[in-house]
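Two complexes come next, and they have one chain in common, chain A, joined by chain B in the first and chain C in the second.
Right, the complex of A and B next:
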């Protein structure tokens, strides 16, 4: 595509340097934000009369000090990987799925139903069935904003926010009525929840094999999350759908001119995103607890947006971003045990980190775009029409 | 179900109306200036915790005889509004100065607010991260003249109200006037419709957008403080219950109009009150209460999909504006 303009021997190094520059710029921006967060955090720590080195040391120790500690970190990271992937898939196509939150709540209800009712499935098939049903639940919830966007033009941000609100009530209803626990142990006062799932519906522990304590609940969902990252990477980078997604995301006009069905692509992305979102809640109900209760862990969908940003919507970067986020979350325990700083300090650290990441990435992106535009101007390739540039840019990324 | 129940439901709905209307007006100022604000829920959360803290500080520091009382509530409300505006400054800086995507920034605001609220709570309330001590005082109650004298107990709907409820309802006049009858309002709206044209006429777009966003923080903060300090009497994690998002829904349905917002804020407030008081009414008794809670969201989806009427946001809302400050 568009190979007429530049001689190949000239084009190749420039592409590489552009890409290298982009990656270097992103890495620098991430490093800078991490430094800003740690520095501002240090100021707060000093205000509490503690030593920053000691506090950060404690956080490090509780994440990397032993195999067990790292196991805890990976278990925390597992749902975040799914959640961030779900966000990233849509984002590549220029869609903002802030409905991951609602999608995983509905998926937890679907999974709870499957865990309690599909126990006739033989052997390991039960848990597989549960995961499939969870994904389907997420897909159905994601399909609504997807279809509305394509058919009526309703903005996905508004519709997904509203779908989140509906999902919260839906889960509350499910736990209060159709799935309410029947077998409550005598004399025991339990929170509103479902019955405990049969063992065949739970995901197996892999942590103990490596010496991680059972309390970490490190399950093979982590392996599934990593596999999902690789699949998403392949999907976005090496398949036709990925190409179309990026075309729709970067320039809908030229995508349409190129014969890509914008609506079809958007709906496919929403469905894939919903399927991934469906797996977000599995760690807590199938590994940590073994039931679905009203005291479920919320906000994982919104956290996924932060993690996706931290990983720059790159499926592999997301794995590391999720681990970084999990290290900080794990730090809460470290602070409570080792220091006088309130454990909530960690959440502030995460907040500062994500805020500075969002801002520094934005600055880096603009700087980079300005520089590359300047350089392109010097070479004289600005005569190309905007549309041709867009398609060319995509082709470059593909190589 | 009797007429009294309906009257009491209306009375409850007026409390929810206050929360939704104040927050919705906040969103209105922000979005009319061109900055989409889905961080309303987060701004409210900051209002709840700082409002409760403001009331507590005043009660502790005030001379004898003042302490816990109407004054501490008033200080709490003001402090919540102030801190909401301060926190909204983050959203303004990110979106206006650094031109971060408005949705991204809004999501971050909501996420950070939850953590910040816990942190502030642990700091203010002796390590209690998720609530403050209950049992705070309230403002003296108010009976709306004439309306509260309606016969057959209907007057109960308008008796025993918080003064803030009346304040919120009356706010429609100054808000409408500021937007449609002052130079400031015209300029603010022009920044939301066509910032390039506004700038060419000498309007400082960035300044107006900062003002719009900070006003949204102040109003959402006030709303949160009202909920925590005046209505409940203490701060509790999660007490906003997604009302920030319901406010956003009401704002969208109102077509970004303060007068229509009055109606939708009350309508969604009434929907909130139904399961509390009218759960045995015909038709409603067939539905579990959780389904009633879905109504505002479903109505908004139906409306935004264009099945009924047409909603049109300010033309430039959400779009990055390239003029002004430089990076």
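Right, the complex of A and C next:
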């Protein structure tokens, strides 16, 4: 028998650089996209008769100009991290959970109930209880499309969109009837809302310690979000479930032939996704407002899809993507205060960013595939390696 | 092989001359100073192992890759071919292994796609042209049929028609028979002979030596990017060609290990399912290889999938050493000692964008050896296993950390074999285990399967390649329309098997 040509051990150092290369490539692509977005944005600003330097300067100032400003950014990023993680967990298993939106709305209702009713729990346990109930709420809402998908084959995109609609009405009903405020303090608006939660149900501020103003409401939910990212990374990369999820996500046939239960794996992923989604709304009701009302901040679930995409569904990448998104969102305030440019400009900027990222990630992927192909070629498997087919496929797309 | 066909027109000036073509990819020279002549009206076979540079060379000619050195002459004129479009303009067409057809479109719509006349489609006129073209070369195809309703063989005809419609004289076919059944391959050969008779030149890329000897007028052999020789079918033999390709003598008949045939390991009785399995009875004993021969589409895939638990049988029993495993989960059946080499290694064998080490434990990742009760993977242990298996099975890779997609087909198959055989199975179900592999890799896979027999394991070999059935089997059964239609000794004549494969001997065998 022929001798082994490549000793895997020898190649190990090179591989580490492979991974670095991939991550560096994606980071570079993101940076390039940001540049494109800023350049196109500059054209718009000029068309609006303002100076791009001044507008971008204001956005920068409002995000990084002071510790307090950066605190605001992190507070905005906190729910986005949970939301993007919820999307990414499902995505890794080949599922497109559009339902994070509905899951976090339902979870806010569950949390509001727990905040108002579990106050008998001693000390710090109350807020923990609230978070657990919120996650359970998200899980229940995610379980429905999960079970429907596995048992009936109903596509999760359709069912989760439907569940989102129901969730919006459910929240409205909840603050209208069972959880409606008993007493509206004099002088406050009469929006439909719950009573104010007891302090024991609220999450503590961590910003003031570092000089962030109290108004930012930077809470330890940020630390929880970062911890969740690490846990999700570990789950996907180091555990049996994560392994099965990735196998199911990228090759269901091979996973099945390997004895992995596709349905079982998908339901577990939906539950984990729902639990993460359940925490999305906690920043606004437990750190920011202290009650749940009809004036809640919506579409965080949909924004999570964009953030997960920016972070390429990598749990650590998502943290940075969420911060980037938050910087732009924070820019809305900067624009209103410092410039004449309407705040909607930020939405345009975010839109351009996503569009350019779609393109630059694709370019990065091609370059990486080309390099892989070359290296595979070095071992003498050039022609029929799947990498070669990739390149060929991309070449076809080009034509 | 008695006549020298169109290659007799040696006096005619060559249609295409490739002179000293060199194509480098970083780290590898895919084509090293390759020269080749293509004459009018000949079928020129380009053979070599996977990675020998055959497809690369033809992609250079078809304008997909720029050459780093050398030049191309078409009809005596030096040509710069910068794109497939330029190649087509010069009368050069190529049909790839993977077809690019629009499924919901008709044959005609696919053929004229990208080459429509004017803004308004004259459907009947286009259909007439396509029909005429098909009739000229004896292509059996309905121009109005929708592509998604066609068989693979018919889709290939559409691809060839697409090229012909654009008026090409030189047709490059990249491994055209890899996706065809034997009878479809025969039809294709008929079409190719018609094309040749009408003066077209054909480059036929392949690594199947029998068919090359049957169809080619001239044969050029590539190895590691360089031409090792040019010959004609009449002047060479399968063994000579194989040795030229691989660089060492290749055995087509391997020594079968002599072992005592043991107790029945697998007993299948009256297995039915989904209209594809209509009461299959078979038995495989320890130390025995049972070859299931048959034309594809007669229930082979369904049989293999029922045995491993991917399909629920609707009737009958499957017993493994006396225990009924019919209808159990894949996990249970694997744990009971069944290993599986799927006919489609990308669909059912590997997760292509996972690393080699991750693929090596697919199906065993929940063994106590590889993950704890808490669900955490023991990555170090898995990597140790992967390193060991990669060496043991000679999987050519620079690392176990690369994606399975970076391996060649042969090495992917070795990885699957390594994983499946490492479990010390009682029964190996091998479905088309050498599909798409080159000679060297086929020999490797065959040796591994014979070794299983030597270890006293039972092997069920399902194959559409009679060569393979003969090379490995101790007993042969033929499968036709979901039934076993005959049982044969390993030295039965191919004609006898052929009758069984067409369902003929059932009455005789039973009565």
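Basically, the second predicted complex is superposed on the first by the 332 of 399 C-alpha atoms of A that agree within 3 Å, B and C clash if a C-alpha of one lies under 4 Å from a C-alpha of the other, contacts with A are read in each partner's own complex, and residues count from 1 in each chain.
Definition applied: a contact is a pair of C-beta atoms (placed from the backbone, for glycine too) under 8 Å apart; a residue touches a chain by one contact, two chains touch by 3 or more.
Bear in mind that the values here come from a model prediction, so they are computed numbers and not experimental data.
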Q.
After the superposition on A, what does A:244 contact: first (chain B), second (chain C), both or neither?
A. second
Q.
Contacts for A:43 in the overlay, against chain B (first) and chain C (second): which applies, first, second, both or neither?
A. neither
Q. What is the contact status of A:165 with respect to chain B (first) and chain C (second): first, second, both, or neither?
A. first
Q. For A:355, is the partner it touches chain B (first), chain C (second), both, or none of the two (neither)?
A. first
Q: Classify the contacts of A:363 with the two partner chains as first (chain B alone), second (chain C alone), both, or neither.
A: first
Q: Could you please specify the touching residues of chain A with respect to chain C in the complex?
A: 1-2, 4-6, 8-9, 11-12, 14-15, 18, 238-241, 243-244, 246-247, 250-251, 253-261, 372-387, 389-390, 392, 395-396, 399
Q. Can you list the chain B residues touching chain A in their complex?
A. 38, 90, 94, 98-100, 103-105, 107-108, 110-112, 114-116, 118-119, 121-123, 127, 129, 242, 245-246, 248-249, 252, 288, 290-291, 293-294, 296-298, 300-301, 304-307, 327
Q) Okay, in this complex, where on chain C does chain A touch? A) 25-28, 30, 50-56, 64, 83-84, 96, 98, 100, 224, 308-310, 329-331, 334, 340, 342, 344, 346-354, 358, 362-363, 365-366, 371, 375-377, 379, 386-387, 390-391, 394, 396-411, 436
**Q.** chain A residues within the chain B interface of the complex
**A.** 96, 98, 144, 148, 151-155, 157-159, 161-166, 168-170, 172-173, 176-177, 299, 302-303, 305-306, 309, 342-345, 347-348, 350-351, 354-355, 358-359, 362-363, 366
